[in-house]
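Below you'll find a set of structures to go through.
One chain, chain A, links the two complexes that follow: it is found with chain B in the first and with chain C in the second.
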Partner chain A sequence: MGTYVLRRLLTLPLMLLGVSIAVFLVLHLIPGDSARMAAGPDATEADVQQIRVNYGLDRPLAVQYGIYLTKLLQGDLGDSFQTLAPVTEDIARTFPATLELTVAGMLIALILGVPLGVYSALHPRGSADRLVTSIAVLGISMPGFFLGLILMLVFASVLGWLPPTGRGSCAHLVLPSLTLGLPYVATFARLTRSNMLDVLSEDFVRTARAKGLSWSQVIYRHAMRNASIPIVTILGLDFGRLLGGAVIVETVFAWPGMGRYMVDAIMVRDIYVVQGTILVFALSVVLINLTVDVIYGIIDPRIIYS
Partner chain B sequence: MDPAISRSTPSQTVFGHIFNTLVKWKDSKLSEIIPDLAESWTKSDNGLKWTFKLRQSVKFHDGTPFDAEAVKFNLDRISDATLGSPNRSLFAGVDEVVVIDTNTVEIRTKEPSPTLLEILTEAYASMNSPTAVKKSGRAYSRNPVGTGPYVISEWIPGQHLIVKRNPDHFGSPGRAATMSFRPVPEPAARVIELTTGNTDIALNIPPESAGAVAQSADLLVEPSSFQIFFELNTTKPPFADPRVRLAVNHAIDRNAIIEKILDGYGRVPEGIFPAGVQGRARQRPYTYAPDKARQMIAEVFPGGYDGTVVMWTPAGRYMKDKAIAEAVQGYLNAVGLKTEFKVWEWATYQKTLYRPDEGKGTGKGSNDANMWLLGTGVTNADWRLRRKFFSTDGSNLTGYSNARVDELLKRAAVDMNYETRMKAYADVQAIIWNEAPNSLVLFDQVQLIGKAKGLKDPEVYASEILRLDQVAKR
Partner chain C sequence: MQTAGFLGYLLRRRNYVALTAALVTLMFVSAAVFAPLLFDWESATRVSLGTALLPPSLSHPLGTDELGRDMLIRIVWGARITLVVAVVSVIIAMSVGIIIGCLCGYHENWLTNATMRFMDFMIAFPRTLLAIIVVTILGSGVLSLTLAIGLSTIPANARLFRGPILALKRRQFALAAKALGATDASILFSHILPNTMSLIIIQGTLLLADAILIGSGLSFLGLGPQPPIPEWGAMIAAARAHVTSHPHVIFAPGLALFVVILAFNLVGDALRDYVDPRSRKAL
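Right after this comes the complex of A and B.
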């Protein structure tokens, strides 16, 4: 296991290099002019040209990339064209906010979704089962910003229980993380339900029952453990999607996270900001997938990495 | 948050509270310039030398004394090419800044510069602490230090910026002990913040929420210097002939657009300068007269114009931009013009419009279209006119060239007499409006601001910058 993790970690720099080249090329191939966007529509051509020279945007692409890579190796992600602030600093500030939101959203999805799934597997076609199906339809069909505004309207405006936007206290975290997590409740519930149903029909469950274990012991010690492998897989995959979903939720709730930071930068072609944030997103997705692989090995001793 | 560089209006609202400039406009009418950090000033007879007497014993928030050296440092800094200020050109006329003594500074210009004082009122000309600039280096935009009535006490970018009253400020102290500025990008969320009492002032209320805001808070409807228009390519048919440009201005029903698309929150333009722009000369609004428009087009193209008019618009940049462009398309079709419509993403649009395309029509990427939707909110008369109408200006996208306009602008640029200079700008506005427009003018924006009941009004500038230091709860 140790060597496997090490090997995976060693391929990381190569992957990041690939991502950085791809992002760099895409950003330079899509139309738009970073200098013009930094200077604004009311700037003169001379000022725009000066900014282009200052940022080195007038130099050949390969040279620009070389300079970027040299800085990157020293841990410097460059400066924002818009605010002149170092991207590394901005990411260090915004990424924890996004992570906080994503983890909270993920926890909500798990804490509500898995028990709901187990319950509906034990009572197929019962009321819980129908509830899960309805939530699933709603969750899939309702766009994140809409759900966010509805929650804000109900809990902040009508009931006045929670602050509408911003970050700071735990209360601020409730609405955005619900908006992010709720659509995934149904995903996890349905996944848990179908896996549980499969596992419950296996022979070892009958054996476990036959040797005198109580239902709850059978479910938690035997069935859950076997049903959880696909859940962990989806957890890993959805984590990346949740990070992406944070972009919209952050805008609606004025959450100072990296998603909003990245999208704002894309709009104005703030190249280094987009580069830096995508690199960090890519890195986190890779690390999460690695973690998922490690968790497999822990849950299921049959899985051996060599 | 470096005033020499940042051009975002919300940032400039904050700058107004933590910085001072040498001189400032007396009020939002932009008719008189009064002392700020400079107590008085004189200009030499040839108009090439301006001498400023500075206010004494003023200190920056970090304790650095404000003096002539600081003025020189700031003005040299914005002119420095390596800083890359988007507004460096504004200061291009400054030849040299000379320190006479601690409290006297002289600004020498290359040409007589009637606009110098006006430029010094801009947020870009804010006085930063030289010590702080040198100390923070490239991180200065994260640690700005000024002389203003408020001091930054906590700033988490994207979350909030909190300022507290500066007890050592030379002018009238701020009324509120602290103020918090928060970016809330989602309009509906801003409305909820206001109606739940979480915030006292919410900017940019969307027209459709105006009713809801008015129920539980005060709705301020303030003029804006922002005008939205279709620029017309004056270098090729059908808009090469000024008569067709005038004709299309009579082809659209502005009242209907404002009522139906903007819920009534917009104004029918009375000239190319909306309220709040320096030297505004009001003109008679264009009437909605489709028959007259059709006739005027027929004068130029007797059989009707048989080409296709290519229309470009950004989506989501200006209030309801695409919907308005579509309405305009309908009006143009109604007077017999065939149209082709293209919607752009803003960054691509900007790049395309300004892309150099020498030797062809407008000399820019704009040459590929006949009309394109844009807006401007510049309040400085010289700057606003020169960029769009001077024949050889790099920002003139329409290929507009009018000998009389060029002559008037050239004369005004060195005219040290304020009245005759404003007269020249008024003449330019009249020529453009009545004889030779460069655009199909659409509407003047209004600012919709929500304010908690019982709060004293903030001072709202047409440039959409707010002064809040005298706002207090009644």
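Right after this comes the complex of A and C.
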């Protein structure tokens, strides 16, 4: 287990190197001159050339990547053309906001979805069961920005219970995280339900019952643990999806996160910002997948990594 | 051809939800196809500030938007753009995904294994982000939005189709074809691939729903078709400042999106039940 985690951690720099090359190349293939964009509409040819020299954009591609990588290893992602601030500073400010939103959305999906799934597995063909199967398709059909605007209209504008936009208090977090998490409630519930039903028909559950354990002990200590393994897998994949969804939710609620920061940078072709944010998004996805693999080992000691 | 059989099946099973969904998709496709006959492009894009933000009325059944354009006309034209983007992107995603899936399922060697590992790696990345990266390279517009959705869906399709092909190539009929001296290409395309046809149709329908969802999200962010092109996600983004005072500017395109995506998802699910009745029990 320990060596496995270590080996996975050792592949991490390699993956990052690959991601950094991919992101670097991709953004240098962009048509349109970012130096001219940065110089503004009134700039002379000399100004544009000066910016190219300042940012090293006149050097060969390999040299540019070498410089980029050296700086990256020193924790320097370059400066934004727009704000002239270091990209790392902006990411340090915006990434926690995105993470907060994503984790809150995930918690909402889990806290509502898993118990609903367990309940409907224990009462098959009951009303909760029917509810779960019918709302799952609604969840995957609802555009996040539309749901967000409806929630904002109802709870902020009409009822006035919650602030419509911005970040700060817990109240600010409620609507964005609901927007992000609600579509996944039924997905998690459905997954929990089918795993739970599979586990409940296993022999060890009958044995646990037969030796006199109460139903709640059987469910929480025996069945839940086994049913949660596939859920953890999906959790890892869905975390990435929620991170992607956060980009849209941030725009709806003017949440000062990294997704909005990235999209704004794309609009004006601020390449260092785009490069940096994509790199951080990629890093988070890689780290989440690693974490999921480790969690497997804890839940299910039978998994031996070779 | 099979459409009548599918509709008959829905009637027999009294699956009125899926029947309604099939009707909605039919209406959506007709609106998209016949948009130029119903309304001219000029009236979908011409700004007339004098009639801005009118509530729904007889002359404007869905009201007007913030620039005074009739919402119904824009939604009908928006259906055309949505359908074209969705269909073309799904064709890209399916054809490339199936080719990669076929090659990697049929030939098992280091190259195809490496390709699948790369596909698995790509699947871990959020599709919205992948699509955003493609739009960043190509610039915003209808064509790059289509490519962005299509390209970002390839990895998932490759993995989805590799499994059945891996299983089918070990079946007797494929081995028999090989024993008779059929070439790899003919085994793949005339013996194995036709057996995945139902999967292709079901996956295609569900992907259409998905493509509309992702495309509208990117448009909402401003990365899709640019104004004055009436795209549903972009219409919501443009009008959202008026959501409190004039909710109809959000609800008309928003409900259109939701209902159409829902309809495609429901038809896809019903198709799955129709093709493979066992899958219903698995739910």
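FYI, the second predicted complex is superposed on the first by the 292 of 306 C-alpha atoms of A that agree within 3 Å, B and C clash if a C-alpha of one lies under 4 Å from a C-alpha of the other, contacts with A are read in each partner's own complex, and residues count from 1 in each chain.
Here, a residue touches a chain if its C-beta (ideal position, glycine included) is under 8 Å from a C-beta of that chain, and two chains touch if they have at least 3 such contacts.
All values reported here derive from a predicted model rather than from experimental measurement.
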Should A:T233 be classified as contacting the first partner (chain B), the second (chain C), both, or neither?
neither
Look at A:A46 in the shared chain and tell me whether it touches chain B only, chain C only, both, or neither; answer first, second, both or neither.
first
Output check: A:A254 vs chain B and chain C. Expected answer is one of first, second, both, neither. What do you get?
first
Kindly classify A:R167 by the partners it touches after superposition: chain B alone (first), chain C alone (second), both, or neither?
first
Between chain B (first) and chain C (second), which, if any, makes contact with A:T291: first, second, both or neither?
neither
Which of the two partners, first being chain B and second being chain C, lies in contact with A:V26: first, second, both, or neither?
second
With both complexes overlaid on chain A, does A:M142 touch chain B (first), chain C (second), both or neither?
second
Please work out whether A:R93 is in contact with chain B alone, chain C alone, both, or neither, and reply first, second, both or neither.
first
Touched partner set for A:V274, first chain B, second chain C, both or neither:
second
Contacts on chain A seen with chain B and repeated with chain C across the two complexes
30-32, 145, 149, 152-153, 157, 251-252, 267
As the complex stands, chain B meets chain A at residues 1-2, 5-7, 81-82, 84-89, 92, 138-142, 156-160, 182-186, 188-189, 192-193, 195-196, 198, 345-348, 350-352, 354, 374, 376, 378, 383, 387, 393-395
Touch list for chain C against partner chain A, complex
123-129, 132-133, 135-137, 139, 209, 213, 216-217, 220-223, 233, 236-237, 240, 243-244, 247, 250, 254, 257-258, 261-262, 265-266, 269, 282-283
Which stretch or stretches of chain A touch chain C in the complex?
26-27, 29-32, 133, 137-138, 140-146, 149-150, 152-153, 157, 194, 236-237, 240-241, 243-245, 247-248, 251-252, 262-263, 266-267, 274, 278, 281-282, 285-286, 289
Can you list the residues on chain A that touch chain B in the complex?
30-33, 36-48, 50-51, 54-55, 79, 83-86, 89-90, 93-94, 145, 149, 152-153, 156-157, 160, 163-168, 251-254, 256-257, 260-261, 267-269
